[in-house]
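What follows is chain A paired twice: with chain B in the first complex and chain C in the second.
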Partner chain A sequence: MRSQKIGSIAFWSLVVALLTYMTLPTIVVLMTSVNPTEILAFPPQGVSFDWYVKAVTYPDFQIAFKNGLIVTACASTLALIVGSAFAWLIHHYEFRGRGLLEGVLWSPLIIPHFTLGFGFLLLGGAFGVQQGYVMIVLAHMVLVMPFVTRAVHVSLANIDPALARAAANLGASPFQVLTRVTLPLVVPGMAGGWLIAAVLSLTEFTASLYVTGSRTQTLPVAMYNYIREYADPTVSAISALLIIATTLIMLVADRTIGLRRVLAIDTH
Partner chain B sequence: MIQKRPFFITFLAPAVLTAVILAAAIFEVLQYSVREFIPGSLNVGGFTFANFAALNKPIYWWVLADTFFISLLTAVFSLLASYPVAYALVRAKRDWVRSALVSLSITPLFTGEIVRTFSWMLTLGTDGFINSVLRKLGVIDMPIQLMYTRFGVVVALVQFSMPVMIILLATAIAHVDRDCERAAANLGASPSAVFWRVTLPLTLPGILSGIVVVFAWTMSAFSTPQLIGGGKILMISNLAYLQGFSVLNLPFAATLSLIALVCALGSLALMKGVTGRIERRLAVN
Partner chain C sequence: MTETAIIHPSKETGSAVDIVRVRKDFGSAVGVADVSLTIGKGEFVTLLGPSGCGKSTLLGMIAGFVTPTAGKIVVDGTDITDLEPYRRDIGMVFQSYALFPHMNVHDNIAFGLKMRRLPAAEVEKEVARAIAMMKLEGFEARRVRQLSGGQQQRVALARAIVIRPKVLLLDEPLSALDKNLRAQMQVELSELHRKTGLTTIFVTHDQGEALSLSDRIVVMNKGAVQQVAAPIELYRQPANGFVASFIGEINALPPGRCELKDGTASLVLPGVGPLVFPAVPASGFAPGRQVRAFLRPEHVRPVSAGAAGPNVVTGKVEAHIYQGSHTITRVVVEGIGLVETRVTGADIVASAPVGAPLALAFDLSEAVLLDAAA
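Moving on, here comes the complex of A and B:
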């Protein structure tokens, strides 16, 4: 019994140590963002929000944030529309070439982002729209679509098929079944999928580095360019803001759909 | 006439269009990889396999080997670090502990690679967190070099990959039939024997898929070796970027990008084969 207790304490200490390792960088970045001095000194010399002021007034970051919002809004909304329709399709129908189509549309989960970004850069070049919004939006859209499709597919699978049958038997047209029965039931899944897509698009870096130009760069690309030239905590402040924003969005997503289901973590 | 398959074409068309655009982008990479490089020009020449032949140089083999080595180290250490967390996440008795563990282990997944890489730069730097703390404690006099080392890159990559590894392991651990464990315990097995001889072997498929997913994922890592490696550690992604944007040799950059894609697909195909075999064996026993 005693050795079991010691074992349990050792195990939980190990878990806490590993979680500390996982969260340490986030704590460090939050600490430096409120540190008044220029050099990245530890422990912090006080509390100041100067870096936040500098970060949100820095023109490159302002433009990049605006670019990012445009790209994210377009890409995740497009992914939502196309992905939801596709999820509905594979939930209801068997058809020839379905496996191939699914394989291609899931593949961005496997394809290295730099290969995909390079592909979209070359494709943009072939159509003369290199580093323009169209290619950035398309690249982001295909990258985030698997997550939306998955979220909607899970929601669809949880609907009782008797509901649609009952509506149809009572005389509802397929269109009415879709809009008055199915759609209201998958709205939470769609909302959650859209939020995940938006967060992934907003923070996507590698593919964006390829497909954006100096005028169309998104926030992570602007941060990367800043890091390479300067070493002050302005990027810490931006990072802190991004960490807070994404955490809040993911909490909302978790509330609306249950993140664990979308990520397929079924613990119980 | 009653429609047999309502909405079929309406819902299929956008998905097919998206798939075609995606395939076209990848085809462009393929197409550029077999084109001739014209130095000083972004235009490409005729069909050639010269880019693949050009790979056969010690420096490129070294980069490829390093990419494999770093990815393998990351996968193994990620497994070792994630298993206890995943086990705690599934088996914790209190609900709030489970929720807290899920939140803590998954949120890093959504902060984006630039934020995470930058955070590690602050942590590992010469004046960074680790060096400052160690100096304050009097453990070291001179800062230790963590940035621009393979060690630093792996430390950051392991942390990045842990959320994914934890998700895969937690799923595997949750699927272990507790009756098997109880049976072993009733037959006199000690708790550690139950874990090593029952639980762990039953989660082998999850362990393998975790290792391969993290391995494939790490092979396509870009920003971590780029910023923490700082040019001293080159992975295939960094070499491809260098070739594309500094040397402006687009065909060779395409060749390297294609090889990275093939490696990622290859390791996943390998996983499917291996886990399939293990699952069959587990089912038989």
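Moving on, here comes the complex of A and C:
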């Protein structure tokens, strides 16, 4: 009994230590954001929300946030359209090179974002495309594609094939089967995939650094440029705002479309 | 018995379904081999056989999900062989029920009617009727995930019958239910069939379900029809060894020769001697013919040791299988092999322990005689 108790204490201590280790960097940044003085100090020497006011009123951040929203909306939506089509193809048909196609769709997960961003920059140079919206959207679309494709593929695979037969048996034409049965059952997966893509695109930095220009920079790039010149808690404040915003989006998504279920995290 | 069978005499005349030499090949493998079958209007017919016997493939061809390699399927006089599934007007209950998870009970049942573009008022009337018939009142707004297995089953049935199909197909609909519920649903299926009078084709591998529900049973094996008969006839007069051993328990005696001497018919088994029939058997018997006799365990009776008689053999008890109301005792008899006897209660477990000798009397009045070569 005694050794069991010691084992249990050791186990939970390890769990707490690991969780602390995982969240500590974020907590440190969040804490520095409320520091009243103009330095990035930890622990903070007081509590003030002045830096939050500066973060949301700073023109570079405002422009960058707007840029980010445009890029995110375009890239995630394009990835959703193309990724859904590929997911449909992979789910419904057996063909030569299906494995290869899946591999290519997955490749952005294993290729460093640095390589992709740099590659797009070189490619743009070769074709005379400047750093700007088009290049950023194309780069982000590639980066988020695996997540969208995966989400839609999982939703398709979770549909009992007997449902389409049942609908046909009850008089639904192939088009009606698609609109009345298949699509309603895949839409949550598509929405979940789009959201994950949006969050990733909104916070992507490494590839964005290469493909954004001075007027088209996204928020993470703007934050990086800011901190190269100023070492005040404004970036901590904007980090906190970004984290709060994405958390809220995820929570709302989980409530409304069952995000955990459509991403196959929760199988119930 | 692979050719067209007769229409059930007690039902309306006119056939509902004609299956004419239908065949399905999967590459070089045969799924369904030249099956012909006529099903009368209002008849309840069961396709029975082990998994892989072709029964589900045949059902799939009637529903239109599987394209036959050859042959034709006629429903109500119309050839539907090449018709798309959604134009067939055939109701189906799937093994998994296949209820639409994004719709409630009402919308699941209304789906087929909406596809038929019925006016809204008409849809509501028909759905209400189906809900009442399947005792689903109060569940209209429930999501299908919130229903028990039995309730899901009833929704699946309501959804299939509400479209007033020409034929109702049931693909092992009871297999997902637990034992008690299965018995109850069997009764409900029977009742539903009586009330609606729908021509019904039921697929199962469970002989008990087949015997209790069907007007006629089609026994299938390896893609081919083995026998088409009413349940009682199927049990009493199986057409071949496969049917005999698939429907209920049966003892297969080794091949022997038929003899008729002074009006007494007997079966001479090499190494055992003659077994005497109480009367000359009506079918399968011809003097000099080599036959195999099949005998149900209830027609093999344990008798006290030393009991004399023409049909008494002695063997050694190998095992008892206690089943509650009765016990199946397996006895090894020299020259015959394994013989099962079925007796009421459990007394035999104590009176004839494993390894002890046991005398058995064969009642050949219900024996089935089949050609030894078959």
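General remarks:
The working rule: the second predicted complex is superposed on the first by the 246 of 268 C-alpha atoms of A that agree within 3 Å, B and C clash if a C-alpha of one lies under 4 Å from a C-alpha of the other, contacts with A are read in each partner's own complex, and residues count from 1 in each chain.
In this text, a contact is a pair of C-beta atoms (placed from the backbone, for glycine too) under 8 Å apart; a residue touches a chain by one contact, two chains touch by 3 or more.
Note that this is a predicted model, so its numbers are computed, not measured.
Annotation: superposed three-chain arrangement on chain A; chain B versus chain C shows no clash, the two fitting side by side.
Of the two partner chains placed around the shared chain by superposition, chain B is the only one that A:L89 touches, whereas chain C remains out of contact. Touch criterion not met for A:F65: it reaches neither chain B nor chain C. By the touch criterion defined above, A:A168 reaches chain C but does not reach chain B.
In the overlay built on the shared chain, the residue A:T246 is in contact with chain B alone; chain C does not reach it. By the touch criterion defined above, A:V235 reaches chain B but does not reach chain C.
Taking chain A as the reference chain, the count of touched residues is higher for B when chain B and chain C are set side by side. Contacts of A:F147 after superposition on the shared chain: neither chain B nor chain C is touched. For the overlaid pair of complexes, the smallest distance between C-alpha atoms of chain B and those of chain C rounds to 10 Å. Note: residues 174 of chain A belong to the chain B contact set and to the chain C contact set alike, using the contact criterion stated above. Residue ranges on chain A touching chain C, taken from their complex, read 160, 162-163, 165-174, 176, 180-181, 184-185.
Taken in their complex, chain A has these residues touching chain B: 4, 7, 11-12, 14-15, 18-19, 21-26, 28-29, 31-32, 39-43, 81-82, 85-86, 88-89, 93, 95, 101, 104-105, 107-108, 110-116, 118-120, 122-123, 126, 138-139, 141-142, 145, 174-175, 178, 196, 199-200, 202-206, 209-210, 220, 223-224, 227, 235-236, 239, 242-243, 246-247, 249-250, 259-260, 263-268. If you check the complex, the residues on chain B that touch chain A are 3, 5-8, 10-12, 14-16, 18-19, 21-29, 31-32, 81-82, 84-85, 88-90, 98, 101-102, 104-108, 110-116, 118-123, 125, 127-129, 132-133, 136, 156, 159, 162, 167, 170-171, 174, 191-192, 216, 219-220, 222-223, 227, 237, 240-241, 244, 250, 253-254, 257-258, 260-261, 264-265, 268. Within the complex formed with chain A, the chain C residues making contact are 63-65, 84-92, 94-96, 98-102, 111-112, 115-116, 159-160, 163.
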